[in-house]
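You will see two complexes here that share chain A, one where it goes with chain B and one where it goes with chain C.
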Partner chain A sequence: MSESVAERHTADASAKKIGLPTIIIGIFFLIVLIAALIIRLPMPVLISDLLRRFGMNGLLVLAMVPSIQSGTGPNFALPIGIVCGLLTIVSGIEFGLVGIWLILFACIAGTALAIAAGYLYGKLLNSIKGAEMMIATYTGFSIVALMSLVWLMVPFASKKMGWLMGTGLRETIQLDAVGADSIINKFLMFTIFGIKVPTGLLLVFFVFCILMWLFFKTKTGIAIMAGGINPRYAQASGLNTDKYRIIANIISTVLAALGIILFSQSYGYAQLYLAPLNMAFPAVAAILIGGATASRASVSNVIIGVFLFQGLLTTSMPVANQLFIGTDLSEIIRMVIQNGIILYALTQVKGVAKQ
Partner chain B sequence: MVNNLLTMKNITKEYFGNKVLNNINLEIAKGEIHALIGENGAGKSTLMNILFGMPVISSTGGYQGTIEIAGEPVHINTPHAAMAHGIGMVHQEFMLIPGFTITENIKLNREITKENIVSRIFGKQYESLDINKMNADARTALDKMEMGIEEFTLVAGLPVGHMQFIEIAREIDKTGLKILVFDEPTAVLTESETQNLLSAIKKLATSGIGIIFISHRLDEIMQVSDRVTILRDGELVVTMNTKDTNTHEIAQLMIGRKVSFERNETKNRTLSNDTMLKLKNFVVRMPGEDVKGVDLEVKKGEIVGIGGLAGQGKLGIANGIMGIYPAKGEVLFEGKPLKMNDPKGSITAGLGFVSEDRRGIGLLLESSIELNTVFTCMQIKNSFLKRVGPIKFKDTKKIRAHTKRMIKELDIRCTSSEQRVGSLSGGNQQKVCLARALTQEPKLLLVSEPTRGIDVGAKRLVLDHMKKLNEEQGITIVMTSSELAELRSICDRIAIICDGKVEGILPPDASDADFGLMMSGSKRTNTEQGAIHNV
Partner chain C sequence: MKNSRIILSGKTKNMLADNMVPIIFIAFTLLGFAVARGVPMSFFLTELSGRFYRNGFLVLSLIIPVVAGLGLNFGIVVGAMSAQLALIIVRYFFIEGFGGLLLCFAISTPIAAFFGYLTGKLYNKTRGQEMIASLIVGFFANGIYQFLLLFAVGVIIPVPATHPMIKTDGVGVRMTVDMGSLKYSLESVLEVSFVWAVLVVSILYLAYMLCKYLRAKQMPLAVSGGKYSFVGMAALVLCIAISLISIITNNSLMTVKRIPVLTIALIAMLAVFTKLIMKTKLGQDFRSIGQSQHIAQTNGIDVDKTRIIAVIISTVLAAWGQLIYLQNMGTLNTYGAHNQIGMFSVAALLVGGASVSKATVKHAFAGTLLFNSMFIMSPEIGQALFGQAILGEYFRTFMVYGVIGLALGLYVWNANRKAGLTLDPDTVETRTSI
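Take a look at the complex of A and B:
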C-alpha cells in the first residue's frame, strides 16, 4: 500500500510543478496578446495598465500565501482584512489627514485593526477544522454585510465622504480630493517607450514579496509550513499547531488591509459597501493560476499568478471589445476564467481538510 | 476425509509478485470445528478473503487453486456468490444497524413481505413487511443460540456479547448455510460471554454446519476445535487433530524458526542499575492499540523490546509516552514525573521517537531531507537558527553540514541533502526518521516498527545502527516491533503485550513456545493444559 501511495505522491508533485492552470492561462494570455498585436492595439498603454494592475492587486494575492501554507486553505475571508483597511482610510479622511499622511495613518491603524480581527478569525478557524474554506467564504460575506450597516450609520461628518443628503458614507470615495490618488504609484514613476512604470507601487509589492519569502525561512515560518503540510507531524514535534494557524491568519488579514490601501490609492477610489464582497475570488484565482494548490503556495506562485491573471484581464478587455463590438464579453470572460480556476483548484483539494 | 463440505486445494495467492499464500490445502468436514491459527500476516485473512470472493482478491490478479463445496468445484468471485454457496461469516467488528431491532437486523435485505394494494399496482418493491413471520424466523434463530432476549429489542445499547450472537443468528437464519467463518469472535468479549459463544459454536456444529474458527487464543482453540491448521508466512505448517496436540506445540509451530537475524554478542555495554523510565498503570487511548494499564521499567543503557500481536496495544505505549495519543497514569523519566499529553515536554525531557506511522506523523514527505532532519530540534531546542535582531532565521549552512554528516553516518542513499523525502525508498525514509530523532540527542530513544515496509538488507542496517548507538553512545532504546526475530536479535529483554497489559517479560533466547504462548495470552492456562496433554 505504502509504495503505491509514494508513487502517487511523486506523480502528483511532478504534475503540480508544471501546473495545468498555469499552462492553460499562459497559452490563453499569449493568444490574446497576439490578437492585440494583430488588431493594432496601443501596446504601451496596455503594458502600463498591466503593470499598474499587477502592482495594485499583488498584496491581496500575497495575503493568500500564509493562510494556504498554514493549512487553512486560501483566505476566502479576505474581506475581513479589506474592511479593516477601508475603515482606517475613511477614518483618516474624517480626521482631516491628506496625502501621504493619510496613507501612512491608514497603514498603521489598519495593521493594528487587522491584527485583532485576524486573531479572532484564526480562533474561529481553529474551532471548525476541516471546513475552513466554506466557513471563510461566508465569514467574508457576513463581515461585508455587517460593515455595510457601519458605513451607513457611522457618524462621520466629512463632506468628502457623505451623500448629498442624509447620513452615511458614499459608495465610492474619491481619493484625489484628499491628495492620496496614486500617491504611491507616482513615487519615482518614469516613462520608457511610452510605458508608464509605477515604481513606488511595484517597489512596495516586491518588498512585501521579499519579506514573505524571508518569513518562510524563519523558525515561525517553517513551523507554520510544517503545520500546514502535516499537522500531526508538527504536533508530534511538540508544536502548538493552533497557535501557528492563528499567526498565519493574522499575517494574511494584515496583508489584506495593506493590500486594499495600496489598491485604493492606485485605483483612486475607496470602494465601500458591497465592493469588498467578491474581492477574495480574483485573488484566490490568481494564486491558483500561479501554480499554488489549496495546500501549498509560494511567493513565486503569487508573482506569476498575478501577472498572468491581471495580464489576461487587461489585454482581453480591449481585444474582446474590438472583436465583438457592442458586447461586454470581457467581463463574462473574466467571470468564466476566475470561477473556473477556483472550481478546478477546489476539485484538487485533498489531504488538508481530511486530516 | 470423505463428505467434505469444503475443500480448498493448492491455493496460491500473490500480491505484486509477493507470495502471501503458497499451496494451502484446507478441508472442512460436516459438523467440524476447524481452527485456523497463525501470526499476523501469516495469511489467514487472505485465505478467508479468497473463500469469500472479496473484491481485493480479484482486483489484484485472483488466485490459483480450486475450491470445492460439497464435492462440486465452484468459482467464487463475489461475496454474493459466496453467500449463495452457503458460506457465512461472523465479523470481528459488528455489522449491525443500532437503530434497528434485532429482527430487522437479522432480516436486513432478506425481509419477508406480503402483498398489498399498492404492490399489486406498482410491483414487488412496494410490498409491506410481514413482521410476524420475520419475528418468528428471528425467534427460531435466537432460540438455536439459546438466547432469551426479545427479538423486537433495539440493537443500540445491547452488550457486545449479544451483538455477536445477533450476527451469528443472522447467519443461521440464512437458508442453506453450510460453512460459517468466525473471525476472532472472542476478541471483544468478556470471559463469560466467550464461554457462551463457544458452547453456541459447538451446538451449531452438531447441527451439521462446518465451522472455521480463527483465533489467536490457544486455550479456546483447544476447547472447541476438532482439528487445527497452522499457517506461517503463507505456508501451511500442519493440520492436525486437536486432541493429539497441546497449546505448547501449537505455539511453537505458530512462531516457528524464521530466518532469524544473528545475534552478535556485544562488548563495552554499560548496563547500569539506574532506572531510566518507569511506567506505572499506564493507560493510552489509541484506537485499535489501546493500552490498559502497563507497568514497565527500563534501565539505563538497556535495549528493551516490546512485542505482541497487532491490536494488543504494544504500539500505544510509545505513542502515549510521547503525548501523541491521550494517556494517563504515571511515567517517571530519570526519576522525574513526565507530564502526560505534552509532546513538547517529552521531547525537551530527552525522549526521541521514531513513529511506526512514518508517512503519517514521521515525515514531511514533500520537504527536503534537511528540513526533516532538523525540524523538531529547530523548533523545540532553538538550534540550527541564526539570529538577526529579534528574528530567528534557519541556518542553512549549519543544517546542511549536519544533514550531510547524518546521511553519511546512517548511509542514507540520496542524490543530495535537498532531495524530497517522499522520493526516497522506504528504508532510507526510515533512516531519515532515525536521523531526526538522533538530531535531538535523546537520552532514551523510542523506536516503533523500525523495519516496517523496508527490505531485508535495509532492516539489517537499521537494526545494526540502533545497536551501535546503544553501544557507542549509551542511548537507552525501547523498540516496539511485530517481528519477534528482530526484537530477539538486539534486545536485552522483551516485554510481550497482550490485551493492553504486559503479559510477561522474556529474555531474547527464550523458546519459541514461550513467546507464542505469551503472545496469545495463554501463559496462565499453559501449565495445566500442558500437564494434561503430556500425561
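Take a look at the complex of A and C:
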C-alpha cells in the first residue's frame, strides 16, 4: 500500500493490460458460447437474457469501485445498501404507490437512507483499519439478520406483502401486483433479430458508469484515489483521508440501494429476509473478473466483469442442462468461479507482511 | 499493556468491557428462563448437554490456529467435508457399527490432512487476510465438494443407479444419506446417568481441590487465588447437594439424557492434547509465530511450515469433530451438514471470551455452553414475548453474525487504539503509548 508515485504510474499502466482472470473467464465464456451454438440453443433468447442480467447486476458491481478506490477494499458490506433499497420499496408499496412512482420514491428515499447508513458504516470502517474486508462481511451479515427481524415485525397492512395470516412480510414480494415489474427495462425496449434489448435498464447502468467515471475526475474523486493508493502521502499533503473513505463508502452504499431497486424491478420480485445475505460475493467476483484488484478498480473493470461473469452464468445453465441432463452444474460453476476469483484476489493483496 | 489499560479505566469496568459478550449471553439465557415459563430444567439440560457432546470437539479444533496467529479458522468446514466424504465412502460399502465409525476416522484423516495442507498453503499466500480467506475457502471447497458428489459420482466415477445412496437417475449422491447403525455408534458404547455422573465428578473434583487447598495452606506463599477456589468449592457442594436430592426424590432431573462416556472422553482427551502440545517444541513455535512472525523467523523457526502444520492439525481435528457430530445426528444431510459448522463453532469460541489472538480450552468449553444455551432459549423467548418461534430463530441468526462481527470489531478497534494507529497498519512507526 505504500507505493510511490512512480509505482502508481506503472500500476496504472499494468491495469490497462488484460489480467489473467479476465482471460481465463473470457476463454471459458467463449467455449460455453460455442457449445451453445453447436447444440443449437436459441441464441436470441440467450442473448436477451444475458443483456437483462448484465443490466440488472451492473449497479451492484459498480458500487465496488468507490470503496476499492478509497482503500477500504471491495465492499463486502453491500447488504447494508441493499436492505436500505428493499426497505424503501416495501415502504412505497405500503404507502400505496404504484408503477414508476413507486420506483422513484424508492430511489429517492433509498438514497437518503443509504447516505445515513453509509456514513455510519464509513465511521465504523475508519475505526477498524486493517481488517476492513472481514468486518465488512460480518457487518453485512448482521444487518441482514437484523432486518429479518424487522421484516417479520413491521406493522404493514398492505395485502400485497403480508402473509395470509399472522404479521410480517412475505419472503418474496411480487412487483407486477404494483405495476413496477420491469418498468425500467420496458422503457424504449425494442426487439432486433429476436433479441429483446432492455434499453431503459442499460441506459440507467451506463449513465451511472459515466457519472462514476466523471466523479473520479473531480477533486473529491482524485482525493479518494490518493487516499487509497498511499494514505500516508495523502495525509501528509493535507488530505483528510478518513473523510474521503467515508464519502467513498457513502457512494458505494447508495449505489447498492439503487442497484437492488434496479435488480428487483427487473427480476420482478423484491426478495426479503436472508436473500441479500450472499449478494456481495457475486458482485465482488464480477469486478475482480473484470481485472480489478482489491486495491485498484475502474469503471471498465465493472463493465467487462459483469458482462463476462453474468454471461458465463446465463449461458452455462442451459448448456450444462443439455449436455449433462439432470445435474445443476451452473450453480457449482458459479460457486467455484466466484469464490476462486476472490481467493485469487486475496493472494494478490499486499497485506500486513510477517509482522 | 495491561497496566496502562487498568490505569486508564477502573479494573472492574475493564473486566466488564472485556467480558461483554459472555455477560450478554448469560443475561439472555436467564431472561429466557424468566419469560418462558414452560421450559423445564431437565429439557434444558438434555438439550444443552446433547449439543455440548456434538459441538465440543469442533470448537476445540479452532484453538491451535488462533494460538499460531492465523486467527479464527472458518476453514474447518473443509475438515467437515472431508469427514463427510469418508462417511459416504464407508456407507457406500454398507459398513456399519463401531468398526465402521473407526474406519471413517481412518479414511477422513488423510483426506483432511491433504486439504488442510492446501488450505495452509493458501493462508500463507493471503497473509494478513487469513480469516476472510478461510471464510471464502469454505465456500470454494463447497463448490468442489458439490461437483464431486453431484456430478463426478455417476458421470466420472461409475456407480450403480440401484444403490440406495445414489439418486434414481444414477448421477449424484442423494440429499440425505442413511447412516445405518453408525448412528449413535460412539455414544451407545457406554452411557451413564447424568445426575450420577455429576455427583461422582463433583465429589472427585472437590476432593482434589481440598487436597490442593490443604497443601497450599502449609505453604503460606501460595494463598493468592484462594477466593476463587472457595467459589468453585461452593459450586461443587451445590452440585453434589442438587444431585443427591434428585437421586433421593427421583425428580425430573433424573430424566436428563444419559452421558455418552466415550464422546466425553474424546473431548477431554482433545482438551488435554491442546494443553500438552503447547508445552512441546511445536507448541512453543505456534506461540512464537503467533506473537511475531518476524521474530520467530529470525530465531530460526520455519514460519510457513509451522503455520501449515497448525492448519493441518485443525482440519483433521475438525474432520473427527464432524464425525462425532454426525453419528449423534444420525442422518447425513449431504449438502447442508457442513455449511454452518465453521460459523457456529467460531461464534461459540468467541462467546466463551476468546479473541482473534487468544483462545484456550476454557474459552471453548464456556463458549460452547453459553452459545448453545442462547440457541435453545431464543425460540422460547420469541414464542413467549412475541408469540412467534420463528422470530427467535432469526434472532439467533442475528446473534451468530453479530457476535462474530462485534468480537472481531472490538478486537481490531482495541488493537488499533493501542498502536496509536492513524493510517494503515504497515505505516505505523511511532508506537505511542496511550
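Note that in this section the second predicted complex is superposed on the first by the 334 of 355 C-alpha atoms of A that agree within 3 Å, B and C clash if a C-alpha of one lies under 4 Å from a C-alpha of the other, contacts with A are read in each partner's own complex, and residues count from 1 in each chain.
FYI, a residue touches a chain if its C-beta (ideal position, glycine included) is under 8 Å from a C-beta of that chain, and two chains touch if they have at least 3 such contacts.
In this text the structure is predicted, and so the values were computed from the model without any measurement.
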Q.
If we overlay the two complexes on their shared chain A, which of chain B and chain C does A:177 touch? Say first, second, both or neither.
A. neither
Q | Which superposed partner A:35 touches (first chain B, second chain C, both, neither) | A | neither
Q. In the superposed arrangement, which partner chain does A:214 touch: chain B (first), chain C (second), both, or neither?
A. first
Q: Name the contact category of A:296: first (chain B only), second (chain C only), both, or neither.
A: first
Q) Touch check for A:238: first (chain B), second (chain C), both, or neither? A) first
**Q.** More chain A residues in contact [chain B versus chain C]
**A.** C
Q | Which superposed partner A:45 touches (first chain B, second chain C, both, neither) | A | neither
Q: Name the contact category of A:195: first (chain B only), second (chain C only), both, or neither.
A: neither
Q. Now for A:120: first (chain B), second (chain C), both, or neither, which partner does it touch?
A. neither
Q | chain B/chain C common contact set on chain A | A | 2, 232, 235
Q: State the interface residues of chain A toward chain B in the complex, per the touch definition above.
A: 2-3, 5-6, 9-10, 13, 214, 217-220, 222-223, 226, 229-230, 232-233, 235-240, 296
Q | Interface residues, chain A side, partner chain C - complex | A | 1-2, 71, 76, 124, 127-131, 133-135, 137-139, 141-142, 144-146, 148-149, 152-153, 166, 231-232, 235, 241, 273-274, 281, 324, 326-329, 331-332, 334-336, 338-340, 342-343, 346-347, 349, 351-355
Q: Provide the residue numbers of chain B that touch chain A in the complex, in ascending order.
A: 322, 324, 342-348, 353, 355, 358-367, 371, 375-376, 378-380, 382, 385, 391-394, 420, 422-423, 426, 453
Q.
Help me check something: in the complex, which residues belonging to chain C touch chain A?
A. 122, 125-129, 131-133, 135-137, 139-140, 142-144, 146-147, 150-151, 155, 167, 169, 171-172, 292-294, 297, 303, 386, 388, 390-391, 394-395, 397-398, 400-402, 404-405, 408-409, 412-413, 416, 421-427
